[in-house]
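Multiple structures are listed underneath, in structure tokens.
Each of the two complexes below includes subunit A, the first together with subunit B, the second together with subunit C.
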Partner chain A sequence: MAVNRMFRTCPSTGLLFHEPAEKLMKAHAVAAVVSLLVGGILALGVTLTRWQAVHLLSPDWFYLFLTAHGVDMLVLWIIFFEIAILYFASSTLLRCRLATPGLAWVGFWLMILGAIMNNYAIFSGTSSVMFTSYAPMGAHPAFYLGLILFAVGALIGCFVFLGTLVVAKAERTYNGSIPLVTFGAVTACIIAVFTIASGAIILIPTFLWSVGLVEHIDSLMYRTVWWGFGHSSQQINVAAHVSVWYAIAAIVFGAKPMSEKVSRGAFLLYILFLQLASAHHLLADPGLTSNWKIFNTSYAMYLAVLASMVHGLTVPGAIEVAQREKGYNRGLFEWLRKAPWGNPVFAGMFISLIGFGFLGGISGVMMGTEQLNLIIHNTIYVPGHFHATVVVGTTLAFMSLTYFLIPVLFRRKMLFPKLAQWQPYLFGLGMSAFALFMMGAGTLGVPRRHWDISFAGNAMPYEFPGAAWLMMALTALAGLAAVVGGAIYLLITVGSVFFAPRVDVPDFKHVRAAEGIAPAPAPVAAAIAAHHPNVGMAGFVAPGTLVLAMVFLISFILYYFVNWKYLSTVWPLS
Partner chain B sequence: MTTETRVDPMNDLPPEEPVPVMQQLLDNPFLLLFLGVALPTVLYVIWGVMEIVNIPVAK
Partner chain C sequence: MSAILPPEDRVWWKQPLDRVEGTWVVIALIWCLIMFFMMPYWHVFGKQNLANEAYRTTPEVYMKKAQDMVDKFTVRTETDQKIPVVAPPAGSDVYLVARLWSWWPILELEAGKSYRIHLMSMDWLHGFSLQPENINIQVHPGYDHVLTVQPTRAGTYSIICNEYCGINHHTMSSKLYVK
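Let's look at the complex of A and B:
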């Protein structure tokens, strides 16, 4: 069988796109955006129902919307986009052909089939079991089968990515180690393989149970193994969006990592320990020992937290060094003040970084502490946390990357550029406030996944304090701002991809692989040595980042100990 | 006095240095894949499942 070795070189960036890989990236990106559109509409319904003053949907519709919103956002949007990133990070960044494009298309169509099947089961009204689908709460067999097919498709994508690494090495398209962004994609891919394996272990028997071939699914067994899938799927996001941060720092500023060794070491900590944090969902469950809980959350999870703190330091640090080298070297923060805040690629990435660290990271460590977890377990604090990580962290980073990809990958001019400048602020800050108010309401005890916190009409109504109601109203208002921000993103991306004029590329031509492969990139050591020694203050090359890191550390410590104090008031001892 | 780097016309590649063990690990995606799947499978899934299996059944 003939191998397609046709490439094109992007005239503005010099990136080399293998034709079949390019088509696959586009297909996955479009499928991701369609999932985001559906999930976003559903988000509006959920938000307006949890706002007690509006209370839009009936209970049946609320749980249907919540289930579809969870699946479409946490699985479909994210993983479609991540497979596109895997192909970009392998074929494009390593300047090589994609391995087995035919198999990659099989994977794509399996994902599409699974997505449609799962959504059909939900929208038919027979599977309002929410994203977690805890047994013995049963869904339609198509719900589980859809997820399984989607996972198999994603797994094929992961192995196509790994195969492409083999191709690149065999065809010597790079020297030394793979680039850091590709290494981050390797991390995401490895976590994805564990995630999908865990999903298969529990979803296949659950599917067989739903069709009557298995008699019983143990609920604790289900929860334990399912969270290996449910939470780890969100850890794929962390590795992927951190890679996107590094990529955007390089794209916008030409920034090089402060230390390749340290950054790669941090990714290694993700590979080894990040998945173990799944255990924090089971901290309040009886049956599992404290040994298992503490090892998997505190002891091992903190190594992954350390890795996130390393990335949180090195990405802005690399940007600071690059800015200082360009002459923005005065004071602590000139480099930050003179950053291109009107460029949505940078603005979105930086809000993603700050929001993920301050809101998602700190709250995640608090939740992962066995004792503190009791304060907020199963409250709306938990969705507050993961909206900070998955939406502010991952979704906003992916949105930022899209603004770069519209002209580069889709070769279209971006429509509404002024609106695009505002979009990251509206979406990022709206979603940050949304997460913050949710966490506030959760701290006051407001439950998650609940249609009506007043329990109106029930035998034992419960009266939450007025502050909790206010927090829920503020959550909804911030959520509406974020939904508008999301709608603007969809308007710009869909409009640009389908209706904008093509980017004029006078030198565009297809290049055979043998001619098109550019010289291999400089080895890592050369990149590190390229840093200018005369930037920074007081012996620090990135003093502003150091100050930001200290602010983060103090916030982290204060919030952590405030919660211990709070715990002591929840359960007074006499 | 200047030092001159002599280049062997038959082989202009620099002499190969031994690759550190850590870099060998980081450069091997399949070894990383093994570690990244095996470690959480043992510490999270298998350990967790064994604890659940060992819960005494109520009489």
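Let's look at the complex of A and C:
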């Protein structure tokens, strides 16, 4: 079969798109956005039900919606988008043809098939088991089979990505090492392969069990292996959205990493130290020793936490240096004040960074501490935490990237640019408030995945304090703001991609590349020592970022010890 | 030149560490180590730890132990369903049964005394959530999980389920009395 070597150069960014890769990226992005649309409608139903004053859905529909919301958001939206990012980070950034586009399409259609099959099982009403589907509660076989097919499709996408790296190397389409963003994507991909393997180990036997071929699935074994899949996939998201942060910093500011070594080292820590991070989902489970729990949460998690803390510094640090070199060098924060806050690509990325660190990061480490887990396990604090990580962090980062991709990848004018300016604030701040109020309610003991905290008609109801009810109402209001923000995003993306005028470039043409296209060799850097010569203060190139990092650290320390204090007041347990 | 292009210095790993980064990496690492040591520290000096004492068993065996306890120590029954209220002696083994969709029996404990509370599910996963104390523990089928608990304050507490366990999950709530 002839290899398609047709490329197009984006006139505004100079990025090079391989034709088949471009089509694949578009297909995955569209599938992602459709999933987000479905997941968003479900979110609205779930949110309005948890707001006890509205209590929209009946229990069976609530649990059905919640299951579908978890799958369609966490699995479909995120992973479809991530595969598009993998193709972008390999084919586009390395200026290389995508390996085996045909196989990539097989992967895509498998993912679509799996997604439909799984959703069919959920909406038929036979699989309201939550996306975690903890055995021995059983779902319809199609629920598991759908997930398995989806995972196989995603795995194919991972291999196409890795194959493209090999092609790029062989056809010498770049000089030296791969870009940092691609390196981050490699990290995400390696973790994804591990993750999908764990998923297969647990979902295949569970599928066989659901059709009667396997006798028994142990509940503790299930949770242990399932979270090897469930948690590591969150690490994929982190690696992916951190890569997106770096990419946006580079696109908007021309920022270069403060040092490649540190940033790449931090990505490496993700690969090395996450494997048993599933342990922090099992801290309140019987049958596991404390040594196992402490060892696996801390060696595996705290070094991954360290890596995130490093990225949390180096991304804004790189922006600060780039801004200072542009002349915004006064004081601690001129670089930040003069940042393009009206550009949704930047605004979204920065809110994502701050929200992920302050809300998602700090709460996650708190919950992941063996003893502290006792006071939040399975409360609504947990969804509060992960809406800060996977929604404010990952989703918002992906949304920001979309605003860049609409003209560049889809070659469409962006509709409603004024609305787009507001969207990251509405969605990001709404979601941050939503997460915070959920955490507040969780601290007061409100359970997650619960249809009725009023226990109406129950012989032995528990009366939650008024503050908990208030927190749930505020959660819903903030959630509604976020839903509006999400709807605006959908309006802009769908509207632009399907209905906006094309970006026409007079001398546009596809170019044929014989053996890939290598840029001219980069000049040998003479100035290793004279790095960022005269910016910054007191010998620090990014003093503002360091101050922000210290504020972060102090909040972290205070919050962490406040929770130990709170723990010390509950009943002694041993 | 930037994060989306190959590194400018081909030998990027020799590029010296920036001072901002160096400082932060050291501080962050120290903080991570402190957080690590807090967990073993609390096992030694703190009072709220899981001993992780657990036994594999079957619903039948567990139910029999619970029934024996109920037969011996029931002090009264409550609600229309006549759920037994059990007041076991301090220090004894106390069996709490989690099943679709109830906790059984109701416990009545004494403040300041300690009890070996056993938790196990008869069917699916459940979540033991003691309110308003806010102690939350996963309850598995087949694993008899033992907690040594010392109630501190007298009062009427609630046990709700906070692991989704099917369509009536939200109705699974019970009481716990501390005298």
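Throughout what follows, the second predicted complex is superposed on the first by the 555 of 574 C-alpha atoms of A that agree within 3 Å, B and C clash if a C-alpha of one lies under 4 Å from a C-alpha of the other, contacts with A are read in each partner's own complex, and residues count from 1 in each chain.
Criterion: a contact is a pair of C-beta atoms (placed from the backbone, for glycine too) under 8 Å apart; a residue touches a chain by one contact, two chains touch by 3 or more.
The structure displayed is predicted, hence computed values, not measured ones.
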First, second, both or neither for A:A433, with subunit B first and subunit C second: neither
Touching partner for A:A197 - first (subunit B), second (subunit C), both, neither: first
Which of subunit B and subunit C A:L272 touches, first, second, both or neither: first
First (subunit B), second (subunit C), both or neither touched by A:S177: both
Partner chain in contact with A:N296 - subunit B first, subunit C second, else both or neither: first
Which of subunit B and subunit C A:A27 touches, first, second, both or neither: neither
Which partner reaches more residues of subunit A (counting touched residues only), subunit B or subunit C: C
Subunit B versus subunit C as contact partner of A:L396, first or second or both or neither: neither
Touched partner set for A:L220, first subunit B, second subunit C, both or neither: both
First (subunit B), second (subunit C), both or neither touched by A:G287: both
Common ground on subunit A, meaning residues reached by subunit C in one complex and by subunit B in the other: 177-178, 218, 220, 282, 287-289
Subunit B partner contacts - residues on subunit A that touch it in the complex: 162, 165, 177-178, 183, 186-187, 189-191, 193-194, 197-198, 201, 218, 220-221, 224-225, 228, 232, 264, 268, 271-273, 275-276, 278-279, 282, 287-289, 292, 295-296, 300
Touching residues (chain side subunit A, partner subunit C) in the complex: 59-60, 63, 93, 128, 130, 134, 136-137, 174-181, 218-220, 223, 246-247, 249-251, 254-263, 282, 284-290, 293-294, 297-298, 302-303, 305-306, 309-310, 313-314, 317-318, 365, 369-371, 374-379, 443-445, 447-453, 455, 457-462, 464-465, 522, 524-525, 528-529, 531, 539-543, 545-546, 549, 553, 556-557, 560, 564, 567-568, 570-574
Contact footprint of subunit A on subunit C as seen in their complex: 1-10, 12-21, 23-25, 27-29, 31-33, 35-36, 38-40, 42-43, 46-52, 54, 56, 78-81, 106, 114, 119, 123-125, 127, 129-138, 140-145, 147-152, 158, 160-171, 173-175
Residue ranges of subunit B in contact with subunit A within the complex: 23, 25-27, 29-30, 32-33, 35-37, 39-41, 43-45, 47-49, 51-52, 55
